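These are the structures, in C-alpha cells.
You will see chain A twice below: alongside chain B first, and alongside chain C after that.
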Partner chain A sequence: MLKALVIDPGKCTGCKQCELACSLEQEGVFNVSKSRIRVFDFHEEARFIPYTCTQCDEAWCQQACPVNAITTTDDGVKVVHDNLCVGCKVCTIACPFGTVNYNASTGKVIKCNMCGGDPACAKICPTDAIVYADVEQAGHSRMEDWAKKTDSGAQATA
Partner chain B sequence: MHHVILGAGPAGVVAAETLRKLDSKCKITLVGGEGEPPYSRMAIPYLLSGDIDEGGTYLRHDKTHYDDLDIKYVQANAKSVDSKAKTVALDGAKDLNYDTLLIATGSSPLQPPVKGIDLPGVSTCWTLEDSRNILKTAKKGDSVVLMGAGFIGSIILEALVKMGVKLTVVEMGDRMVPRMMDDTAGNMMKRWCQEQGVTVLTGAKIEEISGDKSGLQVAVSNGDKLDAKLVVVAAGVAPNIDFLKKSGVKTGAGVIVDEHLATSAPDVYAAGDVAEARDLSTGEWDVMAIQPVAVEHGYLAAQNMAGVPTPHQGSLNMNVLDTLGLISSSFGSWQGVKGGESAKLVDEDGFRYLRLEFSGDQLVGGQAVGMTENIGVMRGLIQTGYHLGDWKDKLMKSPQRLTEAYVAASQGVTHV
Partner chain C sequence: MSWTRKILRVNLTEGTCKDEPLNMEWADKYLGQRGLATKYLVEEIDPKCDPLGPDNKIIYATGPLTGTTASTGGRYSVVTKGALTGAIACSNSGGFFGAEMKFAGYDMIIVEGVSKKPVYLTMIDGNCELHDASDLWGKSVWEVDPAIKAKHQDPMMRVAAIGISGEQGVLYACVVNDLHRAAGRSGVGAVMGSKNLKAIGIRGTGGVNVDDPKKFMAVTAEKKAILAENAVTGQALPAYGTQVLMNVINESGALPTRNFRDVQFEGAHAISAEAMAEPSGIDGKPNLLTNAACFGCTIGCGRISKINEEHYTVANKPEYWHASGGLEYEAAWALGAATGVSDMDALTYANFICNEQGIDPISFGATVGAAMELYEDGVITSKDTGGLEMKFGSPEALTTAVELTGKAEGFGKELGMGSARLTAKYGKPELSMTVKGQEFPAYDPRGVQGMGLTYATSNRGACHLRSYTVASEIMGIPEKTDPHVTEGKAGLVKAFQDATGAVDSSGLCVFTTFAWTLDDFAPQIDAACEGNWTTDKLAEVGERIWNMERQFNLSAGFTAADDNLPQRLLKDAAKTGPAEGLTSGLDKMLPEYYEIRGWTKEGVPTNETVSRLAL
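Up next, the complex of A and B:
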C-alpha cells in the first residue's frame, strides 16, 4: 500500500520538533536549517504550515534528472542515489515545489526520503499534524491538486 | 506499428520509453549517432573534473535497459528522410521504414568563422569524444583559452578549473551568461571567477588562432596574445536539421512543430533541442535547448505518436549553473515584461542577488545568484500563475520571502 505524509496544517502549533527530528535523522545534527521539512509561520494569520516533498507521482525532479539518479521505491518514495547524482542541480529548478535542494558540502542534492519508511517528523509530531498514512486520505489528494496546477502538460497522466 | 526515433539524447530516450509504456506490442527503433550508449551531455563537466567516469554520464545505468524494453538500438546517422515514402536513409545501417517518426537529433556546436578554428588543439566540448580529447590535450598547469562564457561555456569553465589548468575566458558579450542573467548577475559572476584566479575577458573576441600541436597563440580583439595548449570553443549550438532538406519536413531555426509536436509532414514529430516549440512565457515558437524541455517534449511527442492526443502548453525556460561554487539560476521572463514590475535584492559583497519580475500580481520571471534554498518555487509560481495578492507587495519589499509567498499562495493564505 502506498503511504505518504498526510499534513493537516490546522493541527500544527509551530513547535518545529519535526524540523529538529528531520535534521537529526538525516544529517545527524539538531539544526533546523538542515531539515527537509519546514514549518512556515504566517503569524499575521495565526497559521503554521508544515511543508515538504509531496512525492508526486510523475515527479518533475525524477524526469529532469539527466543521469537517472532519482528513482521510485516500492512505496512510491522518490529517492536520490548519491552514487549516481553528479550535482548538476537541474532537479532543484525543475521541482515546482522547491523541495529538492542542493547540499554544497556533499555536492549532491537532498530531498525528503521518508526516512526509509519511518519518517521522523511524523513520529515526533505531538499533535498529529503530520501523519504517515495511506495515500487515499484527503490530505494527499489535496497535494496532488496543487501538483496538477503546476502541470505543463508533460505530466498528463500524473 | 513501427516507431522510429532519430536521436538518442534525453528526448529520444524518454520518447522510446514512453512509447513502450503506452503500447507493449509496437516496434521501436532508437537511432543514435555516437558510439556510446545514450548519455547525457549535462554530465560531461563532471567527467572532465574527474567526479565520474564515462559510465556515470549514461542516461540509463542498467546495461540491458533497452533490450528489456524491446527497444532496438541502432548506431547510425540519419542521411535523409522521405516523408512521402515514410523512409529514413541511414549512414552506417540499413534504411528504415516507419509508421511514425520522431526527429530528436539535437543540436551541434557552432564553429564561429575565426581563422585557425580548425587547428588541432582547438576543440568543442559537446560529446564524450570531445571530452576525451580535452583530457588528453590539457594537463594540470597548462594554459587553456575558453571561447564563450554562455551557459555551456560557464559550465565547462568550472570543470576546466578543476582539471587544474590556467584558464582565460573570452566572451563577446558585456558580461558572463548574457542570455541567461542580467548585467548585475553576469558581472557578479565575472568578479567571482576573477577572484578565484580565472581571467575573464568580456566584450572581447578571439580574432585568430595560430600555431600547431606544440602550442597555440590566440589573438584577442583587446590586443592580448595568449599562449594556449588548448582552445575550447563554446560559442553556442544550432539544431541538427541539415539532413531534412527535401524531406517534406518544414524547418526554420529548428523543426517547425504544432502544439502536438507534429511537423508539417504526416506522422513525423520533433522533440528536444531540434524542435521549434512553444515557450510558455512568450507564447512564441522557439528553440529551447535545455534538458528539462527535451524530456517534456520527448514524453509528449510519444503520447501523440501513440495516438493519445496530448497538447503541449509550452515549456518554461530555466537554467541553473554552478560557477566555481557560485550557483545561479534563471526562469521564464527573467528580463521582465512590458508594463511589469521588478523587485531586486543585491548584495555585491556577499555575492548574492535575487530579482523577481511581475506582471500584475503574478510572477513571470526571476533570477538568483548565490541563493539556492527552495529555488524551484520560482518555477512553481511562474507556471501556476498564482495571483499573489497582498504577497506581491511583500515580495516587492522583501524578494527573499519567495518560498513563503509560494506556500501562502498554494495554501490559500493570500488576500487577492
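Up next, the complex of A and C:
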C-alpha cells in the first residue's frame, strides 16, 4: 500500500502545529520558516490551506536535477541527498508547485521527505486536516460526504 | 533555553535600536511576558509619569513557550502604564506576531522616548531599523499591515499596528496584530501612538530551542490530549468560541444590560454563538464561516465571520464584504447587551471597525452604553452628540459611534475618553461602570459575586482576565462554587489571580486553564526552560507578579479607595433572574482578601509579604 499525506483544508484551523513539528523533525528546532509544509491563510475567504510536496510520480525536480541528488524511495518519496546536492536551485525552478526550496544556511535544497515514513505533520495535526493514509483511498471520505448529500444517499442508513 | 536571551531596546528620541542580553536572574523570578516585562517596566519608569508622556515606556514581550509547539504557544503581551487607567497595563494578544518575535531572535522589545515624526520599526532577524511612517500615519491597521509587507517585499512578515484611534489618543486604543488579534485593554495603543510609533513589522527565520526536545514533545502531546478531551477546550470553544457563554450567562442573570441597569438581555439569543451559526434572515447564510486558531493553538476558538452584504452597514461598502475576525463573547456583550443592540450584522460591523481602527470593543461598547444612559436621562442631547440619537437598542447609533470613535471624529472624540471621563464631564460619574477608569467586561458582579472582587482588585482596572472566577462559579472549573455567595470568594480570587499571573507569563493562553491547572503548565515549562519549574514555583511567581503590580499602582497614587465598585452594583439589586434581589457583597469580601494577600487594612503589602516574595 502506497501512503501519502491526505490533506483536507476544510478541517484546518491555521494553527501551524504541522510547521512546528516539521521543523523540529527536520531541523532540530522550532522554526516555521524552515518547515517543508506550509499553511496558507486566505484571510478574506476564511480558508486555511496546508500545502506541501505531493511526491509526483514523474517528478520535475528529480528530472531537472543535474547531479541526480534526488532519488525515489520504495515508498515513492522523492528525497534530496545533501551529500550530492550542489545547491544549483534548478529543481526549485522546475517544481511547478514551489514545494522545493533553497536553504541559504546550508546551501542545499529542502523538501518534504515524509520523515522516513512517519510524517511529523500528520502525527501532530489536532484536527486531522493532515493524515497519512493509503493514497488510493485518499478520496474515500470526501466521496462519502458528497454521496451523503445526494437524494439517494440521504436515504441510505450506512 | 527557550528564552532567546535577547532584548531589543528602541529609543525613539534618539532613533536607535540596540540589542541587550535578557536579565536571566529576573527571568527565573518572573518567567517571561507579563511578569518579566512588568519587572523591566517598574524598574525603568517613574510610576507617577504621564502615561502619554515621554517618560512612559511600552514593552512588547513574549513568554518562554511562545514559538514552541506547546498548545497555544503564540501569546505576547504589551506592558506599559495604561492610558485609560494610569495603572499598570498588560494586554495579552494571540495571532502570530509573538511567535515571529521569537523566530527573529528576541524575547521582548522595550520602546522608550518619543519620535519627532511618525515611524515604524522592522525586525528582520537581527536587523532592526526605524523607518519613516509619514505615509502610513492616518491609515487604518488594515491598510498599514499590507503596506508594510509590500514595502519590504515580504508577505510573511507579521505586523502589529495602531489605527487612527491610537494616533489620536483614544484612551482605549489597542495594538492590533495579524489584522484582528489585539492587545486590547487599558489603552496600550494610545501609548504607542503618543510615541509616534505606528507599527512593528517582524520577520524571523531563526529557530526556538527548548532544553529537552524529546521530553518537551512528549509532555506537550500529553497536555494537548487533555485539551482535546475536555468539554470546554475540546468541544465548546472550537464549535462556538467564547460566544458559547452568551446564553449561559444570560440565563445565570449575570449579563449586564443597558449600562448595568438590567442583568438579563432579551436580545441575548440573537447575538449568541448559536445565532452566529444559524442561517441569517437576510441572505440565508450564517454569520460564522469557520473557526480559526492562533499560532500553535489546538483549541481554535477564533471566529471568522462575514457581514451580510445587503445589511445597511455595508450595502454600499464592498470593502467590508470579506471575511474577518468575528464576535467573541466580550465584544458581542459590549457592542450588544451593554448598548441594548441585538442586530448581529451591526455588531459584526462594529467589531470589524474596532479591529480596523484599533479600539477595545469592551471599553468602547460600555462607553456607548453609558452615553446612551446619559442621552435617555436627558443629560446629553443631540446637540452634544452632533445629531446622533444615542438611544438604547439603536444599531445606527452603535455603528455611527464606532466609525466616529475609530477616527476620533465628532462625538467619537468624547466617546474615546472612556465612560469615566465622559460621565464626569456631564456631572454623572455614577453612571460609569468602571474600576480604576476601565470599563467592566461581560459578567455582572451581582450575579457572579467573585467577579465583583475580581474587578475591584484587578491591577489593570476592571477586567475578567485577571481572575476568571466565572469558571468556578458558573462552569464548575476546577470545582463548583455558588455564584450568589461571598463566602470563600476572597481565597478563590487570590488563587485565580496568582495562577493567571504565571500563565500570562508563560507564552501560553489563559483559555487552556479550562482544562489545565498549574500542574499541567509546570512540566511543559520545565522541559523547555532551564531552572527547576514546579507548580509551587509557578504559584509563587504568580503571587510575586501580583504584588509587584500592586506596588506599582500604590506608587502611582492608587489607594484602597480605588478597590471599589460603582454604587449601582452595591446599591441597586438585580431586577430579574436567579440573582434577583442581590447586590454585590464587595464589603464582605475585600477585608478578607487583603488579609489573605498579606496586605494591611489599607491594602498595602506588609513587609513580611514583600520579603517572603523577594520583591
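As a convention for this text, the second predicted complex is superposed on the first by the 137 of 158 C-alpha atoms of A that agree within 3 Å, B and C clash if a C-alpha of one lies under 4 Å from a C-alpha of the other, contacts with A are read in each partner's own complex, and residues count from 1 in each chain.
Keep in mind that, in the parts below, a contact is a pair of C-beta atoms (placed from the backbone, for glycine too) under 8 Å apart; a residue touches a chain by one contact, two chains touch by 3 or more.
Being a predicted model, the structure only gives us computed values, none of them experimental.
Asker: In this superposed model, does chain C or chain B come into contact with more residues of chain A?
Answerer: Between chain B and chain C, B touches the greater number of residues in chain A.
Asker: So, does A:G28 touch the first partner chain B, the second partner chain C, both, or neither?
Answerer: second
Asker: Go through the superposed model and pick first if A:L20 touches only chain B, second if only chain C, both, or neither.
Answerer: second
Asker: Can A:E45 be said to touch chain B (first), chain C (second), both, or neither?
Answerer: In the superposed model, A:E45 contacts both chain B and chain C.
Asker: Based on the superposed arrangement, let me know which partner A:T71 touches: chain B (first), chain C (second), both, or neither?
Answerer: neither
Asker: Could you say whether A:P9 touches chain B, chain C, both of them, or neither, answering first, second, both or neither?
Answerer: first
Asker: A:V86 in the overlay: touching chain B, chain C, both, or neither? Say first, second, both or neither.
Answerer: first
Asker: Looking at chain A, which of its residues have contacts with both chain B and chain C?
Answerer: Shared contact residues on chain A (touching chain B in one complex, chain C in the other): 45, 47.
Asker: Quick one: which bits of chain C touch chain A in the complex? Just the residue numbers, please.
Answerer: Where chain C meets chain A, its residues are 67-69, 71, 96, 99, 103, 156, 179, 204-210, 213, 217, 221, 224, 228, 238, 289-298, 300, 302, 304, 306, 322-324.
Asker: Going by the contact rule set out above, which residues of chain B touch chain A in the complex?
Answerer: 10, 14, 40, 42-43, 46, 51-52, 56-61, 280, 291-292, 295-296, 299-300, 303, 310-316, 318-320, 322, 325, 327, 329, 331, 372-380, 383-384, 403-404, 406-408, 410-411, 413
Asker: Which residues, counting only chain A, touch chain C once they are in their complex?
Answerer: 13-17, 20-21, 23-24, 27-34, 43-48, 124, 126-127
Asker: Over in the complex, which chain A residues touch chain B? Could you list them?
Answerer: 9, 38, 40, 42, 45, 47, 49, 51, 60, 63-64, 66-68, 84, 86-90, 92-102, 104, 107, 146, 149-150, 152-154, 156
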